[in-house]
């Protein structure tokens, strides 16, 4: 039975098809970078950086357009930092609880619930921000409108938390029980074991997931648009409205003339977002690799 | 020779399933007692009742009485019990910290702050575990940089740093290669002067090599308990005979 | 007794690192040849040169000559070579298929379609591996439902289903408990009538129990090769003596 | 080959060795009784060398069995016993050879006296040998006891022979050579019975793990 | 305790046993020479029982060593040799006891003849015993050869003694009892030397893994 | 640490945990209670009418499902094959490593940025105009990194022992892939694909700039046409409509249906994964 030649052709076809797919993907990567950078570069040629780093955004001004993106940067940072501040501690505690104290049988169900939470489409979260959280904030703080950066931060925190919980819970789960038992056998309590030993295994995943969440929060568009009022001003407190980098893209892109300066500046903002998320992702990857606990 | 631990009529259950039946066994002080028997016979379960580690399983139940120096271990705080009864596991489980911090861990758990004291304890424990010479110049390196055998010796050092009286070892060499195994066995022999050691092992020959007493468990029962010399040259129980001569099934 | 495999001046490299030095070793037909030696001495590497599995590592290089029934294995198609030289691995590696499909896999790879033929081959292989009685009523169950020892016997059945002439085994029992190990050893003894077996083992006593010839490797060199009886009662080489008596450091 | 098979092989050799020893005892004494030097010759040239060979082979195979199968408990005790027993059997073969050599000399001249006690001793020694080995193979402690008890009878017969022969010498000093030959023959038989007793003692050790040697009154 | 320590312990016991055997040989013969029955008594009541005990202990400890440490290669050969050697030593003790018992009887009356060959044999037997054990402990094959070669000398001395004593009996049949006693003493010494030779043969086996027994001309 | 603080911490974490769990349940219940008066079969199967203050959601629903179908067809094969290439065949060199890490980081790029790219490349440069195809391609590109990465990781986790087992029986690399690697990695690949599907159903930002419209009277299967999609429909109803009280229940109803759809995809993925894993 000589089948080695037929298996060789099978092999060749398989390899080439896979290669083609990989090449196509590589091409996509290249195109993304190219098509975002090109208009952005054009914008940079026309608008000096100093003008971008400015607090006034007025693309429609007939006499003097101004392209200050600080309000959006500020809006994005506000919502993102509020979201992280709320989500990070809750996620850590919830993941400890779900892996260390919830009976094993319930755990896959809660995994599913957290997964579901992560999968709720952002418009629905925006809808909730608009109809529930916003009015609640207005009521509590006595505001006319609850559409504030706080609203955006809260809704974002709910959106990023489940992924953090799953990531951390996975990391906790992956730890061989012998480590917890090792600590217990030395006289530690369960909570001490989780905090002093298990946490050390999870720490890289923890920091990486904070960074990833930062990236996700800063990139989130629809929910935030629906939550924070979209006013191109620098919010001075969590109870003021604002607008984010993503928000301005979603809202203004459709109204611009293709190839106009406005269009190009929006691409520049897009590129900025791209670069900042790339940096954040790269850093998180770096953390994971540098600090991965090597267990033999 | 004094009895350090005494198990009287100990039965154990996981849920409805009984895994230990009426065990009566005295562990002699300053000696190595090996527990052997086929897979699933309850060796590990028995060992883990001695420091109440089984209590972590929600469906575990024990009846009978276990005493440490005559005191019922269920009358003690488990944290105190576990300080007195250290444990070494099947796979080396160094914590993700420096070598030093691993050994100091148990001391710090007890709120000991005196740095000099901790230092001297750590050194002493590492020396006793025969690891000092290999690690003294890199105490602040990660414990995971050590080889498997070194890690296991580190775990032993960690256990003895808090001055336990008893050391429980659950197949401490089953994840190691023969050379590392030989070192651990030498270590066990040298530790038995100071500690009462209970050693669960799959490897009958290991029990033969290092233990003074051997308990043979079978289906949750204690089938035979005797001096190791007798177990391996003239066991009284027919089943022990069959087991040690490898004719078990 | 005829030589089935002959390695002549075999040296092997991974990249710049030489791991085998000028090995000359003849493997006798219808016998078990054990390869023993300390960790990292090149046992696995040598074994995997025999079915050219090392060739999968891009930086592997071999010089010297290995013949199977006098024919240079590098003059053969590796697929044909591997049909004649089966392999069993350290950890049981059943495929994610049914028990039946696992054993039939090698046959189907050879485009054999005749169902009846496949069936009879599978049955015969399972019988030879001493597994038939345990699995005949659940051949279409997942192979992962079997215990570790059964899985390893399944892997042996899978290897012998394609009628190899040689069986290479790389520490086939190192992941198994003593009872399962004993069964595999019995199996090896019963298989040697039909197959030439090369067995790498960490467990010196296993080599003693099951092999007819023993090769002792050290730092990539073949330190001694002799009948197993001699290796374990009167080794000629001082280093073998030290190794088998456990005085190796 | 597994341990059980190896042990069976060794046991078989041991049984063969025992058979040869019995044969050697019988034939060495029949040389005297039947006055047939060919029997002695067979003992000297065939049986005894064969017994020696078997001792070496059994030792070697036992060593291999110990090295390869690492036996413990009764498997180990059995092998250790075998190592002791084959040495005893080999000694018995030597004694039978001695008897044979002497017998060839003795039968060249008329006998000093009719042989009565010596054949009886030989019968006893032979059956003790057989029983001793059987008791070992069958782990039959009662049979072993029988052997050990028989030893007294042999010892008495031996003393009787010595006394009788001394009286012959006192009667006629010329008979000293012949008498000594018979006396040494008796002594050889007595040693054979002793060695059979040794073998039987192994049965106790094998079965109960206890050493019963040197517990009775000392005897040579 | 690890294997090396266990082996050292056993070796020490074996050395002690060898020392006791030498002592027993010396004292059993000195009973004759010095006419001091207390020496014989010491052999019978102290040395021989102690030797017996040591044999049992060594056997037991060797068994334990085999069971616990599963030795192979030369470690195993050594233990197997020890199991053989202690049996030989114990037999030597028995022979020394025999000599002592007989000596007590002999010295109650005047000696048949001045003792010359027997003390010489005893010296030889004793030094062979010492050398045999030393050769074993030191794995010294040359020393072992010396022992084996000495055996011929002892055998010759023994034959000489027998011839001489027969001539005494022929001269005066009354001397038969005394002559026989001395003859058996010689025979015992000859056996002791034989057993020392056996021990020496173990050295070859230990060092080279080869069995040199029964390779020379057969001897008792 | 004393017992009281230990208990306290456990309590905190229990609260944190329960908040998350309860929130999910609340979302479902809330959406349903808001919309329970409008949801019916005819709501699902009729078109929006009267300036979307009446009628159902069939047009955006079908639009979303159709979009998801296109996305699956485009991104799954390319993503899986590229992942396999990276895991099994790619030479270990700088180019591969760069490609791999770029793909990895692209999976974190905000959806709206992909929208920009889709607008610039598919809509403008390739002249597709605003269309379902442009949206589908945009979403596919967005999903590729996810599918590639999950596939690559899943294939990497295939035990070498099993692969070598097949090789040692004489299997070619195609057979090793088909018989071994595929079976082991299918569940990982599927989780990537299902994630892609749920994103195609739920994302708004990328389609916002590439083809979705807030109203389209007729249903069409022509991918060159613009389309309605559920998330955008909800967005428009919730934020842009003048008659908020009237459309809010409709928006909630659409939200509920969307949530159920996304959930269904997850459950499907979950069930399938368990079935596959049972074999392993």
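Worth pointing out:
Lettered A, B, C, D, E and F in written order, each chain numbered from 1.
Just so we're on the same page, a residue touches a chain if its C-beta (ideal position, glycine included) is under 8 Å from a C-beta of that chain, and two chains touch if they have at least 3 such contacts.
Not measured: the values here are computed from a predicted model.
Contact with subunit B and subunit D alike is made by C, E. Between subunit C and subunit E, the least number of touching-chain steps is 1.
Over half of the residue numbers at the interface between copies subunit D and subunit E are found on both sides, making the touching surfaces mostly the same.
Rounded to a whole number, the gap between the C-alpha centres of subunit C and subunit D is 49 angstrom. If you average the Cα atoms of subunit A and of subunit C, the two centres end up 51 Å apart. Chain contacts: subunit F has residues 172, 175 touching two or more partner chains. Residues of subunit B in contact with at least two other chains: 204-205, 208, 232-233, 246. Touching two or more other chains at once are residues 3, 60, 63, 67, 70, 72-73, 76-77 of subunit D. Residues 38-39, 177-179, 182, 202-205, 246, 248-249 of subunit C touch subunit B in their complex.
Note for the complex: subunit B touches subunit A at residues 51, 53, 56, 58, 79-80, 82-83, 86-87, 89-93, 95-97, 105-106, 109-110, 142, 144, 147-148, 151, 155, 158-159, 162. The touching residues of subunit C, when paired with subunit E in their complex, are 204-205, 208, 230, 232-235, 240-241, 244-246.
For subunit E in complex with subunit B, the touching residues are 1-2, 60, 63-64, 67-70. Note for the complex: subunit F touches subunit A at residues 1, 6, 9-10, 12-17, 19-21, 23-24, 27, 30-31, 34, 77-82, 84-86, 88-90, 99, 101-117, 119-121, 124-125, 141, 144, 148, 172-175, 177, 198, 201-205, 208-209, 231-232, 234-235, 238-239, 248, 251-252, 255, 258-259, 262-263, 266, 270.
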